Structures are given as structure tokens and as C-alpha cells.
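To keep things simple, chains are lettered A, B, C and D as they appear, and every chain counts its residues starting from 1.
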Amino acid sequence: MAEVPIEHGLLLAAVLFLLGLIGVMVRRNIIFILLCLEIMLNAAGLAFIVAGSRWGQPDGQVMFLFILTVTAAEVSVGLALVLHLHHRFKTLDADAMSGMKG
Amino acid sequence: MTIVFYLSAAVAVIATVLVITRLNAVHALLHLIVSLLAIAVIFFTLGAPFVAALEVIIYAGAIMVLFVFVIMMLNLGPHAAEAERRWLDPAIWVGPGILALILAGEVGYLILRGAAGTTGAAIVGPQTVGVSLFTTYMLGVELASLVLLAGLVGAYHLGRRRGAGEDGEGERTNG
Amino acid sequence: MILVLLILNLLLGGGLAWLAGRWSASAARWTALVVTLFELLFVGLLWLRLEPAEGSPWLAGIVADWIPNFSVKLILLMDGVSLLLITLTAVLGVLAVLVSWREIQENVGFYYFNLLCVLAGVIGVFTALDLFLFYVCWELMLIPMFLLIANWGHAHRKAAAIKFFLFTQLSGLLMLVAILGLALTHFQATGAITFDYRALLGTAPGSLWLMLGFFVAFAVKLPAFPLHTWLPDAHTEAPTAGSLLLAGLLLKTGAYGLIRFILPLFPEAAAAFAPIAMTLGVIGILYGAVLAFAQTDFKRMVAYTSVSHLGFVLLAVFAMNLLALQGAVVQMLAHGFSTGALFVLAGALQERLHTRDLRRMGGLWTLMPRMGAVALFFAMAALGLPGLGNFVAEFLILLGAYRANMPLAALAAVGLVFATIYALWLLQRAFYGPVASEGAPRDLRPRETLIFAVMMAALLWLGLFPQPVLDAAAPALHRVPGVSLHVGAYVRGPRSPARVRESAHSVARPETAPLAEHVRNGDGSVWGDAKAGRGEAPAPWGRAGTGTSTIDDRRGGAR
Amino acid sequence: MYSLIWLVPIVPFAGFLLLAFAGRYLPRRAVAIIGPGAVGLSAAVMLLISGQFLAAPPAGYAYEQTLWSWIATGGLEVGFTLYLDPLSVVMGCVITVVGFLIHVYATAYMAEDEGYSKFFAYMNLFVGAMLLLVLGQNLLVLYLGWEGVGLCSYLLIGFWYKKPENGAAAMKAFIVTRIGDVALLIGLFLLVVQFGTLDIPAILAAAPGAWAVGAPAAVAAALLLLGGAVGKSAQLPLQTWLPDAMAGPTPVSALIHAATMVTAGVYLIARLHALFALAPGALLLVGIIGAATLLLAAFSALAQHDLKRILAYSTISQLGYMFLALGVGAWTAALFHFMTHAFFKALLFLGAGAIIHSLRDEQNIFRMGGLRRRLPAVYWTFLAGALALAAAPLITAGFYSKDLILFAAWVSPVGNRWLWGAGLLGAFLTALYTFRMVFLVFHGPERTAPHGRPGPAMTVPLMILALLSLLGGFVETPADLGGVHLFSSFLGHALPGLAAHGSPALEAALQLLSTVAVLGGIALAYQLYLRRREATARWLARPAPDAARRLLLAGWGFDWLYDRLFVRPFVWLATVNKDDSVDAFFRGLARASLLLHGALSRAQTGNLRWYAVGFALGVMALLAIVVFR
């Protein structure tokens, strides 16, 4: 078993999360945005696993499972939306879809 | 095993950086799969073999395949990569980068200040997880199933074709 | 029980009028008229069956549980002041129904439903003595009034209605906070939650912030000087009956609140605040009068006269002596009739001339002599001509204020000159001079003549025979703590030995009795509200700190 | 008999109600009976009661009748109480009798007016209110009458309301007098707070015990009451409304603005004489105001060309005499002059009305002339009135009353030579302007031809008033001319007499001086306006006299001054603030929230990536709070 300090695990999760966040902020393609969201969710799951591993308890893994289900649902709906939007706007540019501006 | 952790971590970070910088969606997807596999290895080293397996099967397998399907359905051609190049002006990275750095600093400060201890004390196998899942978190499981059902229904509703004319038109434009 | 009947009659009658309105408009009108006439009849019965319990100011009432979990009770109690104001409500209710007879042609049933709901809310406000219930009634009269203005008003009705709503609603929320704060203070002192007015007396006599919460709500309704600006807009845009109710009743709820809640609940804070409040009152008197002079819109002008007239009430309440309070009560009644009549007049003119612009009027006396005479009468009432109700009110108020604060009273008296200016200017522009408008507008109809006759009779009665009103209000006002009863520094003259006897107590004994006393209703049954009695809850004085213990000493001394 | 006193004010009120509600449907003949009839009935009752008062006076020379309790609260008890004493008897008799005569006159004068019934309704209301004023036992009833006559004055000045300038004059009258009324009201408050009552007898009884002579409270009370009196009686500085009040019909000018209402201020001060006696400073001010007013108004009267305005300024001037008398403590003399003035000034106004009526509303005296032969009845009665006004010696009532005032000014302990001198100069000026008017109107060549002669309804009241103007003075004559003291001994039961008495020789000398002044004035008027009229006109056309004439014509420019000082600032203030500057704050609040709304809604771009940035910023801020806490 890898006996790494918990800080390192958490820092890894943080780095991955922030990379995902940068992606969300920078990319204009909706598919990329969805991919970056996956990265962020995954990073959150990683943090749970690290913490669960620190205490040797199953709860971290349970949480990861929940995140997994949410991710699955999110991706299915998100991708369906991508298809729908692509039909509608003929582009995947997120900036073009600003119909809800105030 | 510790070295495996750090190696996998390096792979995961590099792969992720590549994900967010690629112009071609399929390339990015492949890098993401690499990243997810690296994280699966990390899970394994942290004594969580069950979720490591799930990570490979569901994340890298099922979900990413879904992405592949969609990208294929959208039939993105070379002009998509061209558009990506146009969109990804180098200047656009500056702001989010600074923001992320500040956040990283704050998060890092908090992590390094508080926590203590090491990981990987023991292997927590599928059995333990399953028992916990179906006793303590029973309600959560039920809710998760509902979420999945809702996702199913929602995806079906959104993805339903509304007549061939509209659809054909869309394909012509993309092709 | 009869108080519940008074409110239910209006609410159910309102529903009935709504239903009748689906059938035909005139059915709704007649229903509303019958309901308000019944209301008047009930109030008449109330006057006939008055049986004040010994030592109690309450003439009728009901106490019952409403929401026991929060100790919210259904407490409706009526004393002399309430009775007078309920009578005003009933009379103006009938007049408001009559005024709307021809003016309202759309959605008549719903209109009368709202009208009667306003009346019900007003009567609730005048009788509710559970603070929570009071707040509910306060809102109950607000929303239908909002609908009346927003649906049946003139050109800019929406904006005016929203302005009205925002002012009253925001200030009402402040009052709610103050009510909760008061109940909380009481809870901290005694460990019992209650919203019962009688139990809350003396809870926080010196709390300036809680008092201000109430004061702002009442000052907006009154309206007092810097918070008056919703009134001209609301009045200008409201339908005639809306203006009548607004001027005649809704503004009175603010004045009533000052007398009923501010003075008894916070005697010390009110005394400390009195110079500011009186100054605001005087500013209101003068400011309203100057602005009334400048207006060109008839209704807007009358609205500013309201600001001026109710400045007198604010002055009176914080002068804190019996004369001024008596004057305030009379002013509430007299203003209800005089200003209400001017609004009805404005409505009648608008119906005939299709304008409210005074610049486009002129020489109306030639065309409509009877209406001219009516306008003259009410203009004279507005400027405080002796012999009419407003004079008695303003005389007593100024006299009381003179005792409390001489320079302010003198300044307020200057308001009478300003009142003369705007009242005469109104007559000059609209009724005198050469005929300005073409056409031959019809003089007063019999229905309108009846309305004005009632109001003129009421004003004359108030002006020449105000004694029954003063007597009715006196027992209630005697109990307002801190109010000094006597007029002069010293009294002489062999004419009235009674006067010498009275002068022995120049300051009213602050009442502790109403808390523990029994309430008797018309048929003689007795409710006791023992928990509310301070005699059985000695704790508050012990914990409330030095500020309250001094007042306790003073009370002990006076006793 | 005394218990019928309530009928005196009630009957005119009943007449008012009848005429106000039913007048429109009554024939003119009925209105002409009801209007004067109500006042006549009231006069009859008043005279009967007065007769009994003379024959069998009530105990203490005072009778009270409480009709009902008006206001009783907080230790203040005000009854609706009437009070009869010598002072109110004199006032009541003069008001009802002169009022009745003027009503009769008006039936003819107003015969062709469309507002016939309205006119008599207002007039009856006025008489009722005036009677309440003088019969009120307490100051609140007095105040009710006080404001009531003000209202009627307003209504009758603006009677011909179709001309905007009449309405403006009416407004001016009401507002200016109301300024005085407010001072009076504050004075009432002071009295209530001091004495706990508004009953006049109680106050008069209590005041000397409560206040030392010259006590600040007494001076303040006297000054406030004086404010009310000055407004009502058109004295400086509130005299400007009276000349404009001539816009009303002439009987109104006669009744309200000469005989009765404007003397209310005199009545008030006489009624509350005990208070003024305690405030010597205020009393001196009364005298000074009277003297200054009588001179200023007399000079102004010299320059007027409108017949009614001459009489108006003359009224102000004569009221100045009454104030002068009050100021030197000669209460009885003031009342005496009030009575004779009521007779001769009503006569003069009615005579002027008859002239104006026959000349078809011509009021400029320079377009009149030679009416002596065409209107003999008017001429002779008018001449009687003019002689009385000018105080022609021995044969007129005005001589006796004015002489009493001048004598009192000389001998009274609170009087002085300056006040007497002002009175003497005033007498000269009075004779001058009066006979200027007489000579220009009745003598010389005819300029405008009259249409017809006034009927008996107009001439009979004129003759009665002429008789009263000539003979009314013999109820009170100086010691060297018979020494009749009927009037002062009767009033002595209500008003204290003058303390000082001069020697008969001094009295004769003063009479001689005033006689010289009066005759000199008449002679000068004869020279200037009858014999050398052209020369006078030429002289007046020169720049300096012309400027002086214009200043006097404009009443010394008080209107101009008040317009700049009060009217324009008030109107400016009101107009500038028409849209309520307080509301600007709330409107600003609304605008600010709209702006904020705009800013926030712009932040909602609909752009997904911006939302992500916002999310990141939020996380950053929250974490920063955690980190740096």
C-alpha cells in the first residue's frame, strides 16, 4: 500500500480540479466544457477516496459511487443537450448560446 | 508502491493538461481516458480496488464511449479544429490561469495547514463498501437510482428526434 | 360578539356582492348598500347598548384563542375612541358605496368586494388588541386598497398603487419587527410569549427603537412630513370612493395607532421623542399647506391639505395632554368628513368636466350654484372656520400644544393662515371668475346632495355640539399614561367648583388597572384575562433595569 | 324678557337658512321681506331688551344665558353662552338698528341683481355672526362670531364673483384679517393657560389679582389680542385690505366695512379693557397705532378719486380715532365714537351708493358734479353725514364724540400731547377730504347726468341715519355744553370711566382749537376744490405734488411692500416646490434601484463561461475569508 501523506493526495485532487476549472473557463466548445466538468467531478471523487483511505473506512468510496452516478446522469443529459443544441444553433460555441442574458 | 502513486499522479496531471489544451475533441477524449486510468491506478494504490475497477469500467469505459458516440454523431470535421484554434487565443488563458493560481494557493495553504497522517493504512474491499452502501447509505442509493432514472428520462426526451426534415437539415450543414 | 359581527358582516357581505356582481352590476351595488346600511345599524345598536364596566375603558369586546401555539389570541376590544372611529367607518362606508354608484362600471362586484374588505380591515384595526391580529388587519386593509387603486383608478394608477403599497408595506414590516421585538422583550422578562396589548403595556416603556418601528408605520399612514409623498399620488389616481376611504379612514388608522400604541406602550420613549415628532407635525402642517396652494390638480391639492391637517394630529399626540388628544380625536372625525367631501367634490367635477385641472376651471358657481355652495362650505371647514368640526379640533390641539410647547404651537397656528390661503385660492380658481368651460354641467344630483348633506350635518354637529364626542373619548384618553389632564397652570373663578376638584390631580394616574380588569360584552358575560394582569406577573420590573424602575417609582408615587 | 336674548342672533341665522335653502324658489318680494324682516325682528327684540335693561337692569348690570355646553374637557369649560351688559347692549342696538336700515336700503339697491336672495342670505348671516360676536360671554363664542363676520365679509366683498379682481379683494380681506385672527387665537391660548377659562367676566375679575401692572404675560396677552383687533379694524400694519374691500356692493361697505364689523377690534379691546390696563406698554402702542393710522389714512383719503375708496380711507382714519381713544384709556369715548361713526359712515356709504346707483356705476368723483339740484334728498342727507364726519361744531354727533376723544387724549394720565396733536391734525384733514368730496360731487358743473331719483326704500333709511348723525351726539356732551352724561354713565357699569378730569376752561380751549381746525379744513376745501379748482389741478400736475399724490393714492405703498415682502416669496416658494422636493428623495431611491437593477442584469450575460468565472471568484472570496480570518 502506498503510504503517502494525505496532503499530497489532496493536492493532486486540487490540481486536477483547478485544471478542470481552467478548462471550463477557457474552452468555448460545449463538448470540451463537459469533458472539463468530468475532470472536476473526478477530482472531487479523488479527494473523497484519499480521505477515506486515510481512515481506512468505506465511506469515501461510497461517496465516490454517488458521484459516479451523478456524473453518469449528468453526462447523459448533458450530451443529449449538446445534440439538441447542435441541431438548434448549428454550432457548439457556448458563447453563442446566451439567450438567457438579463 | 509510493513511487507508483507519484508516477500515476504525474501522468494524470500531464494528461489532464493535454485534455484541456487539445483542439481535436477525439484527441482530448483519449487523453482524458489516460488521465482516468492513471487515477484508477492511484485508487488502487490507496487501497480502494473496487472503485479503481469502477473507474476503469464506468468512467473510462461507459461514459467516455458515450462521448465518442456523440462526437461521431456530430461529425465534426477539420473546420471544427480550425474554429478551436481561433477560439483558443493565448491571451484567453491569462485570466483563468491567474484565478486558478490564486485558488491553488488558497487551497494548498488550507490543505498544508490542517491535515495530517498518511493514506493507505488498509485495503477496503468491495465487501466492506457493499455492506456500507446497503446499510448506512441505503437512502442515498435509492436517491441515486432516482437520479439515474431522471437522467435516463431526460436524455431520452432531449435526444428524441423531432421529424426528419429538421434533422436532415442539420446534417447537411455539418457535412 | 358584536365586534366580530361587524367584521364578518362586511367580509361576508363583500363576498355576496362579488357573487351578485356576476349576475348584474346593480345587484352588486344594492347588496353593498344594504350591507353597509346593516353595518350602520349595528353601530347604532352599539351606541344604544353601551354598558361600560366599572373602572374599565372597554365598552365591548371578545377574547378567544386563535393560534395557541404562539399565544396569538383573537382579542377585539372597543373603547370610546374605537367606537367613534368605527362610527366614522360605518358612515363613510355607506357614503363610499353611494359615491361609487355611477363612477364604477367595470367589474362592479369585485370592486365592492374590495371596498367592503377595506372597511372590514379598518374596523379590525380599530378594535384588534392582539398585536399579531392587529398586524393581520393592518395588511387586510392594505391589499384591497391597493387593488382598488390599481384596477379602478385614473391614468397613472399602477405607479401610484405600487408607490402606496411599497410605502405602507415596508413601514408595516418595520412594525412587525417591532411587534416581535416587543414580544421578545416581554418573553425575556417573564418567560411567557404573548401578543396581548394589555399584557405588553409597560414591557419596554423606554425603548426608542421599538417605538420608532411602530412610529414609522403610523407616520407613513398618517402621513407625517417626510413620509407623505405616497399620499398625493395615491389620492390623485384613486377612484373617488378610494380617495374617500383613504382620506377618511386609512389615514385615521395611523393616528389611531399613535394614540393606541405609541403612547401607552412606550410612554418614556415617546416623551423623549416628542420634540422631534411635534416638530415634524408642525413642518407637515406648514409644508402641506404651502404645497396645497401650489397644486393645479384638484385632488392633489386636497391630498396636500390632508398632510397639513394630519400634521395637527401628530402635533396633538405628542403634546401629550388630554386637550390635545381630545382635539386629535375630533380632528380625525372632522377631517374624515371635510376632506372626504372635497374628494367627492373633485370626483363629481371630474365626472362633469372630465378634468381635475384647476387652471381649466373657473366660474363654476355660475353653472352649478349648489355645488359652489357645497364647495364653499367644505373649503371653510378646511380652513378651520369656527362652528365647524375642524375648528373645535384645531382649537383643542393648538391649545394642548401651546401648553406643551409654545413656539411650536404658535408656528402651527400660522398654518391656519396658510390654510386660508389655499382654501380661498381653490374657490377663487374653480368657482369664481368668468365661466371658463363650455357646456352646461349638471348641478348636484339628489344622490350627491344626500352625501354632502350627511357630511355637512356631521361637521356642523362636531362644530357646535362636540361634547358627546369628547365625553365618549374621555375615559379612554384618561388612561393614556403620561398624559396631563389639566389645562391651566392654575385655576380660579368661582363658576365651577368641579374645576378646582379636578385640578388636584394635574397628571393622569398611569393606568395599571386595565390590565387586570374584566371585559364585559353587551350581554353581560364576563371574560377575565388573569394571565395578562400585571398584578400576577411581578417579574418584569425586577429585571428590566433602572430605566423602568424609575417609572415604577413614579407610578407608585402617583398612586 | 332677558331670556329672549337668544332670539337676537338666532333670528338672522334662521333668515339665512331660509334664504340659503329656499331663496332660489322664493319670489323677490318674499326675499325682500324675509331678509330685512329677520334683522328687523332681531332689532325689535334687542330694543325691547335694551328698554328693559335701562328700566330695570339685572343684578350687577349683567345677564348670562347658557344655551348649551359647547366644549368641556381637560378642565376647560366653554359654554355656548350669551352675555348682556351695557357694552353689548350698545353694540347690539347699533348693529341691529343700522343693520335693519341698511337691509331696507338694499332691497332697492340690489333690486336688479341676479343674486338677490343670496345677498340677503349672506347679510343675515353676517348680522347673526356679528351679534354672536358682541353677545358672546366667552372668548370662544366671540371668536366664532369674529371668524363668522370675516367669512361674511369675504363672501360679500366677492359677491360679484365673476370679476376676478373682486375675488382677489375678498381673498385679501380674509387672509389679512386671518393673520390678525391667528394672533388673537394664540392670545386666547395664553389666557386659557393662565386662567383656565375663557369666560370674559372671569378673566376680567382674575387678571388684576394674577398679574402685576406691566407683567410680561399681561403685555404678551394684550399684544396678541391687539394683533387680532388690528387685523379686523384695519389698523396699521394690517390696514391694506379695507380699501380693496370696496369691491363689494355698497350696502355691504356700509354695514360691514364701516358701521359694524371693522369696529369689532375696538369692541374687543374695550371688552378686555382690564387686560390692557395691566399692560401700559401695549396700551400706549394702541394709541400710537391709532394716531399713526388716522393720519396716514386721512392723507390717503385726500388723494383718492374713487368715492367709495375715500370713504374707506376715512373709515380707517376714524377707526384710528377709536384706537387713539382706547390707547388713552377713554373706553367710553371710543364706544361713543363707534356709535356716531356707525350712524354717519353708514349714511355716507348709503348716500354714495345712491349716487353711484343713479350714475350707473360711476365712482370717480372727478366725473361727478352739480348733483346738488338733481338729487336733493341725497345731497342734504349726505351733507349731514359729511358734517358729522368732519365734526362740524355743536350741531353734529361727530363733533361730540371726536371732541371727547381729543379731550381725553389731552387729560388722560396715559395720554400725551403728541397723540392730541395727531388727533387735531386728523380733524383738519378729515374736514378737508370730506368737503373736497362734497364740493366735487355735489357742486360745480354737472359732468354725468343721473338717471332717475332713488325711491323711498333708499331715501327713508338715509333720512333716519341723517337724523341720528345730527342728534345722536346729544346723549353725551361736554361739561361746558350741557354736561349730559347718559352714555358714559350707562356704560360706566361695564367700563371704568376716565380717571382724570380737566377744567372747563381747558375743555373750552380745546374745543375752540378743534373748531378752528375743522372750519379751516372746510374753508381750504372750498378754496381748493370749488373756487380755484383749475389752479389746484395745475399745481397737482407738477412733478413733486404728482409723485406725492400717487404715493397717497396707493395708500403709502403698503400693498407694494407687502407684495414684495410676503406674497411673492410665498408664491415663489410654493411654485418652486410644486412637485414636492421631499418626493425627489423617494424618486431618487426608485431611480437608484433601477440603476442597480440595470447593472446587475448586465452582469447576467447568459454566457456560461462568465458564470464559471463568477463561480470561481466566489469560491476564491469564500476561501480567502477562511484563509485570512
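Basically, a contact is a pair of C-beta atoms (placed from the backbone, for glycine too) under 8 Å apart; a residue touches a chain by one contact, two chains touch by 3 or more.
Please read all numbers here as calculations on a predicted model, not as lab measurements.
When the interfaces B-D and C-D are ranked by how many C-beta pairs touch across them, C-D comes first.
Closest to the protein's overall CA centre, chain by chain, comes C.
In terms of their C-alpha centroids, the spacing between chain B and chain D amounts to 100 Å. Spacing of chain C relative to chain D, judged by their CA centroids, is 39 angstrom. Rounded to a whole number, the gap between the C-alpha centres of chain B and chain C is 69 angstrom. Separation between the centroids of chain A and chain C, computed from CA atoms only, is 64 Å.
Within chain B, residues 95-96, 99-100, 103, 107 each touch two or more of the remaining chains. In chain A, the residues that touch at least two other chains are 21, 25-26, 28. Every pair of chains that touch is listed here: A-B, A-D, B-D, C-D. The touching residues of chain A, when paired with chain B in their complex, are 1-12, 14-16, 18-23, 25-29, 31-32, 34-36, 38-39, 42, 45-46, 49-50, 52-62, 64-66, 68-77, 79-84, 86-87, 90, 92-93.
Residue ranges of chain A in contact with chain D, taken from their complex: 21, 24-26, 28, 33, 94-95, 97-102.
Across the complex, chain D is touched by residues 163, 225-226, 228-229, 232, 287, 290-291, 293-295, 321-323, 326, 363, 365-366, 369, 373, 376, 380, 383, 385-387, 391-392, 395-396, 398-400, 402-403, 409-410, 413-414, 416-417, 420-421, 424-425, 427-428, 431-435, 464-467, 470, 474, 485-493, 495-496, 499, 502-503 of chain C. For chain D in complex with chain B, the touching residues are 613, 616-617, 619-620, 623-624, 626-627. Chain B contributes residues 1-2, 4-6, 9, 12-13, 16-17, 19-20, 25, 28-29, 32, 35-36, 39, 42-43, 45-48, 50-51, 54, 58-59, 62-63, 66-67, 70-71, 73-74, 76, 80, 83-84, 87-88, 92-93, 95-97, 99-100, 103-104, 107-108, 111-112, 115-124, 128-129, 131-133, 136-137, 140, 144-145, 147-148, 150-152, 154-159, 166-167, 170, 173-174 to its touches with chain A in the complex.
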